[in-house]
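Listed below are the structures to be examined.
Next come two complexes built around chain A: one with chain B, the other with chain C.
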Partner chain A sequence: MKKNTWVNLGFQVGALVLALLITTLILVAAGAPPLKAYLSILSGAFGSTRNVVAVLITWSPLLLTTAGVLITFAAGLWNIGMEGQMTLGAIFATGMLRLFEHAALPPALIIILGILAGILGGAIWAALAGALKTFGGVNEIFGGLGLNFVATALTIYLVFGPWKRPGVGSMSGTQPFDQALWLPTLPGTELSIWSLVISVLVIALVYLLLRGTHFGLRLKAVGKNSKAAFLMGVPTWQYSMFAFLLCGAFAGLAGGIQVMGIYHRLLPNISNGYGFLGLLVAMLINYQALWAAPIAFLFAALNTGSVQLQIIYKLDSSFAGVLQDLLVLLVLLGEGARQRFIKKN
Partner chain B sequence: MNVELKDIYKTFGAVRANVAINLTIPAGTIQGILGENGAGKSTLMKILSGFFRADKGQILLEGQPVIIQSPADAIKHGIGMLHQDPLDFPPMRVIDDFILGRKGNLPMGQAEAVQDFKKLAEQFSFSLDPETYVDSLTVGERQQLEILRLIWLGARVLIFDEPTTGISAAQKEKLFAALRLLASQGKAVLFVSHKLEDVEGLCSSVAVLRQGVLVGEAKPPYVTKQLVEMMFGKAISVGARNPCGVEKEIVSLSKLSVEDYRLKVRDVSLTVHCGEVIGLAGMEGSGQGLFLRAVGGMTRTVGGKILIDGRDLTGRSYQTFKAHDVAFLPAARLEEGLVPGLNLTEHFILAEEPKGFFINWEKGRLLAQRRISEFNVRGTPANTVESLSGGNQQRALLALLREQLDLLLLEHPTRGLDIESTIYIWSKLKLRCKQGMSIFFVSSDLEEILQYSDRVMVFFSGKVTPPIEAATLTTEKLGELIGGKGWPTKPGEQVSESTSGKGA
Partner chain C sequence: MRKNVMTFALLAMALVMVLSACGPTPTPVTQAPATPPPATQPPATQPPAPTATQPPAPAATAAPFVFGMLLVGPHNDQGWSQATYDGGQYVEQKIAGSKMLYLENVYSGSPAYPGQTASQLAAQLVSQGAKLVFFNSDDMKDEALKFAQANPNIYVVGVSDDWTWKDGKNYTVSANQFDVMGRMEYMKMVAGCAAALTTQTGKIGFLGPLINDETRRLAASAFLGAKYCWTNVLKKDAANLTFTVTWIGFWFNIPGVTSDPSQVADNFYNTGYDVVISGIDTTEALVQAEKAKQAGKAVWALAYDYKSNCGVAPDICLGVPYFNWGPAYLSIVKTAVDGSWTQGFQWNAPDWTNINNPDTSAVGFNKGNGLSADNSTKLDAFIAELAGGLNLWKGPLNLQDKSVYLADGAAATDLQIWYLPQLLEGMQGDSVAK
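Coming up: the complex of A and B.
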């Protein structure tokens, strides 16, 4: 046991070092001094209060999508469609706010309605992917991916069509909401305490669900061996569907928060890749909800910090993505190598 | 072509599939290969046809040693095999399938191939349309296509693996005529089967395999009794039974019918009392598995009624059956029965009716602990199921059963287990029978069927005997029935103890 722990740690550290090494090579190839580049990522993420706030703003939706995908992964499902589910959440939230913008309701109530609408939108989109899988035999990867494209098209249609700004539609999105309908933020920043609190609560909820409840255990049984789970009396397809619904609800919530807390309008690409990034975080933490918060934070910091690189060294903004993807890839490879190593010994 | 197998060995892990097999098949003969499931027949044939490499041993063709590394290699040497499930391409046209295995680039026009095809088909009096699609053919016609294809490719040794499964009587006649024709043309034909009647009617020589060893060869006229003895081993003594004293009906089937794409099981009627054990015997895939799953609500029935404890559950789902205290234990323990990656405690929690929202881990662990020691599972509550040995996995599955059960359906309850585990598991099962649980179990182990059943039903190609008192059965009689002998020829005639002396 003791020895295994050290072996595990060794492989994980090895993967990390290798990822950094390859990134360094890429930096050198791109003509940027590696050490300075890494330092500027650090200062870009933590150099000032403003930067830390920016990291937290990224952290919140990422935590939500990670939480969602942990549920579907537990059920043995690859929910690639979180981008679309997030987008639908944003669309539903925007629709709800537009509906009641001029109604004589207390703003707080409208905000809550908007958030609920976001949750509903995401859940509906996920239910579609789930129904395609359960009743139509369409693999959830293809279903989810297809629905992502549909969601993008729907956003563009709305932004340039029925919901376009007075005058002419533009990529910068719909007409911003009345300021009373914005999620309250910390003074002088775009950081909403509410969104942060909700995200942390959700990931804690998922941790509890998967660790200590009958629901979570049965979900895992379905994910690991649905035939055996069925024979043990677990209604398998209902559990798969529910996992989709829950994941979609979290993604939709993230979409709603993006609209109401940060952009205050609907704009194309509102999901901003958080759906895919959530998948990466979940894989990197080996589907253990306990590690979701710190690793999502690390990813958020990398994303925020590397904005600096673009400005200082004229590196492409996708650099953070390269580092993150390498990390996930090498940790997964390291895990495979570790299992072989253990088998051999 | 003369074929000679010399000292062939093949093991898969701990399983010795072929041990020191020596066999000579002269050209122009039909050699029967007989044996029960898992006797090593298919392995031997797959070695000859290049699917497997032997661990040790030699293959000689016309006295010359050859090395066969792949099926393509085999066909180059003139060896072709017809698999139990024809290896063809259902979405393609017959003629395309026919041409496909041909070497070289576009060797000839399609017209020529069609001509060859028609000529060959005529020779064997097969009526196959080269333009139809393979998926519209019956299993028998697909076999015919395979035969033609292999001959066209130059096969001089033809292997048939259980070719009479799933084809009609008329097609069987045609197939046998074709096989005789092949032999008369000087080809060597290997006919693998577990059906005594087919082998006896067709083969010029029979080799019998049991547990990987060639136990004997026979020439006509065949003595059925002798073949059965070679296939299944010597007759065994039958252990003490546990007759059921209580008069409560647990299961009542009336004219139950089930079918899948190759088998139809028709009109099975049966009443089972509590504590009774019904053994379902037969070669794998004869319908007993289908029947067992139907009784548990896992296969849709096409006719008849299932009453469990007096309630009509016909057409209901497995979940409903389960709610009425029926349980099913699959043969594939790790694939269907247990959840790899979860530990024993988690399994015990899953198997019980969930109480409340949160798991009481302490209670679960105690439950696991208690059942583990009660069922003598070598493991701890924290062990994942895949880390247990096969015997311990089976004990764990039994331990997972709920306390309240009326009917237990078992698939091969002791397959792959050592004697100690087998005895232990049956002692636990019998104990539950005493408490009133009934059992249906499928097994290909005759000893197990005879030793533990109160009544036995034998399946053969979807046909079923009425339940036979196990006390009146012998290994020999059972072996004959499993091999398709001693069945009533006229509809309605009963198989019973009155016919059991026939083979003696």
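Coming up: the complex of A and C.
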């Protein structure tokens, strides 16, 4: 192995060990025995078929949002607006289901229409962020954040307004869909095999797109140096817009799956933070699509398994988030330190 | 290079686990008891008679009985969740060897549990040995039923639900489910009376949570109590009493989603309302009243849900109508322990011989320091009238749209009260979301 490889490895492992050590210290400070706490996370995530299913349910939308941001990151864009795009996907999917709920159409067709509507909703919302950047000069971070707020406000309006449950005004959500319009799940579980298959296919598609296609190469060129790419004949703004559209479509798909497969209704918090979590996963894997699936799975397992920490040790449920954030922060810090070290030597 | 990340992540995890094995003395771990699920399915039977007036007898079990609780808010929120948590602790005290597990902040789309529904979280409790799970909010109503139907060997209690009320609109056969609620309507009437006796402007605000059957009937009960004391005790004209309800959209503040209850309370106090009755799970009405008082305003508030809630701002607190879940929870858990469980529904009344008896009364009212001695006496007289059979849910009563709700002399049935379709005539505020 070359010297640089060992250096890289050292910094990465150091960051990971440091993250775990800090987490361990937090556990000790909270009065939880660290080893048992870690084991309880494992048990909470993999201790039973039901728990594994819960991990897979969380994994699926996370994989979709991660796939989306990998595209925009490749184009050099920070699509912070994933939450809003996911929300719009949920709104469009809900709208489609409500539209055809009582129509004489096969439920499967309505579900497919719902999924397509979700994709469309997310893409439209992402296109807005892209247009703000491309034609309005608004940084995509600010544009995305603003659109997130608008999406939330729109959901609240619908949940408390035209789509409210009869006689009810609550953020608990809209009237649940007819059971025939729920995404089919594995018997005895809430896991939709369709959402799982779609998510895996999407991440595989993104991997192939970024690694083995002319499009991917050009997209990366735009991301690395937009000016140079333009001079080389790449239509840069079109590529940026396409990256937004694709990312929004995946986020919208995730939103559609949330309403049709998990909650069976529209909620104000339907995005559940998956957009931001997808950003963390993408940063942790250094934007390499190959690692998206396992690391997203690790995050999903942490989210699911750490519920046990609250049950057993009365630790706050945000513990999983602390560990995830620490991992990302320290890996990024480690990467910065590594680059400085290599420059000096 | 990145191919090594996972490998080393696992190695690092293993390293920390080895290191941490030398850490501090482990605290006891709550382990699941190795008790089998109920051997037989609980049969669907007639609802049992309410047990609120029966003093619970301590029970002992041979094996530990683990029950779980999904709390909509924090277990120490000084509101609804703490009241129901205390009910679980009461069960632990009364049934030897019983053990409560809980998860807090469980509500639809809670960021605490991304992508996990209440029924999935209930499954996590079951994985730690829970044989019975309390779903403690109407926000989990659908999930409670879904979980009960998918897990026939686990007992489910839907707090404030009506799935198992045979006379109710939503009756569903779910043999392993039992729904329970306290008749808070009485204590809201008491709260309304305290507000009416105290207000100097004749303007009472009701800080409402979300809008549904439960919250409509509780707000209406407070109005009925206020109106009665305003007209019958103070002998004032009902036209001079203003009673306004403002809903925030959920049981507590969710920034960016609900209206801010602090702002809503401030709006009341800044627009001439000098008494605010809280209908939400948290304490903003009291906190803001205390601030307003320090700014020189003569204002008061009534707390809700939790017996010690006045402690947040004792001097401006007129009192707190509260839930005392212990006796009801105990009676339900005991049937699960001794095998006599049946599907059922309880809507438990106060023990009128002593509404604050922790062993017998499902709901109670604790007076606050803000209530004057004179008004305290009048309030006692009102409570005595209620205990003696005074029924304020009696016609003539119209709904907010002026349609007849109860004809002159007609008393409301439980169904009419539970499913109150609108606020009552004389109340200001939305009956349904707009």
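In this text, the second predicted complex is superposed on the first by the 344 of 345 C-alpha atoms of A that agree within 3 Å, B and C clash if a C-alpha of one lies under 4 Å from a C-alpha of the other, contacts with A are read in each partner's own complex, and residues count from 1 in each chain.
The rule is short, and it goes like this: a contact is a pair of C-beta atoms (placed from the backbone, for glycine too) under 8 Å apart; a residue touches a chain by one contact, two chains touch by 3 or more.
Note that the structure is predicted; figures quoted are calculated from it, not measured.
Undergrad: Could you tell me whether chain B and chain C fit or clash when both sit on chain A in the superposition?
TA: Partners fit side by side after overlay.
Undergrad: Kindly classify A:T304 by the partners it touches after superposition: chain B alone (first), chain C alone (second), both, or neither?
TA: A:T304 sits against chain C, while chain B stays out of touch.
Undergrad: Touching A:K224 in the superposition: chain B (first), chain C (second), both, neither?
TA: In the superposition, A:K224 contacts chain B only.
Undergrad: A:P176 in the overlay: touching chain B, chain C, both, or neither? Say first, second, both or neither.
TA: A:P176 contacts chain C only, not chain B.
Undergrad: Counting only touches as set out at the top, which of chain B and chain C does A:M232 meet: first, second, both, neither?
TA: first
Undergrad: Looking at A:L290, would you say it contacts chain B, chain C, both, or neither? Reply first, second, both or neither.
TA: After superposing on A, A:L290 lies in contact with chain C but is clear of chain B.
Undergrad: Once both structures are overlaid, what angle do chain B and chain C make about chain A, taking C-alpha centres and a multiple of 10 degrees?
TA: So the C-alpha centres give an angle of 130 degrees.
Undergrad: Of the two partner chains, chain B (first) and chain C (second), which one does A:R338 touch, if any: first, second, both, or neither?
TA: The answer is neither, since A:R338 touches no partner chain.
Undergrad: Decide which partner touches more residues of chain A, taking chain B and chain C as the two options.
TA: Greater contact footprint in residues on chain A: C.
Undergrad: Between chain B and chain C, once the two complexes are placed on the common chain, what is the minimum CA to CA distance in Å?
TA: Value for chain B versus chain C, nearest C-alpha atoms: 16 Å.
Undergrad: Please identify the positions on chain A that touch both chain B and chain C, taking each partner from its own complex.
TA: Comparing the two interfaces on chain A, one with chain B and one with chain C, no residues are shared.
Undergrad: Within their complex, state which residues of chain C touch chain A.
TA: 1-2, 4-6, 8-9, 11-13, 15-17, 19-21, 23-27, 29-30, 101-105, 107-117, 119-121, 123-125, 127-128, 138-139, 142, 150, 210-213, 247, 249-250, 254, 256-258, 421, 430, 432-434
Undergrad: Applying the document's contact rule, which stretches of chain B touch chain A when the two form their complex?
TA: Interface residues on the chain B side: 318-319, 322, 328, 330, 335-342, 346, 349-351, 354, 356-359, 361, 400.
Undergrad: Taking the complex as given, what residues does chain A use to touch chain B?
TA: Against chain B, the touching part of chain A is residues 212-215, 217-218, 220-221, 224-225, 227-235.
Undergrad: Which positions of chain A touch chain C when the two form their complex?
TA: Residues 5, 8-9, 12-13, 16-17, 20-21, 23-24, 27-28, 31-36, 38-40, 43-44, 47-48, 50-51, 54, 57-58, 61-62, 149, 152, 156, 160-161, 164, 167-173, 176, 188, 190, 258, 262-263, 267-270, 272-274, 277, 285-286, 288, 290-291, 294-295, 298, 303-304, 307-308, 310-313, 317-318 of chain A touch chain C in their complex.
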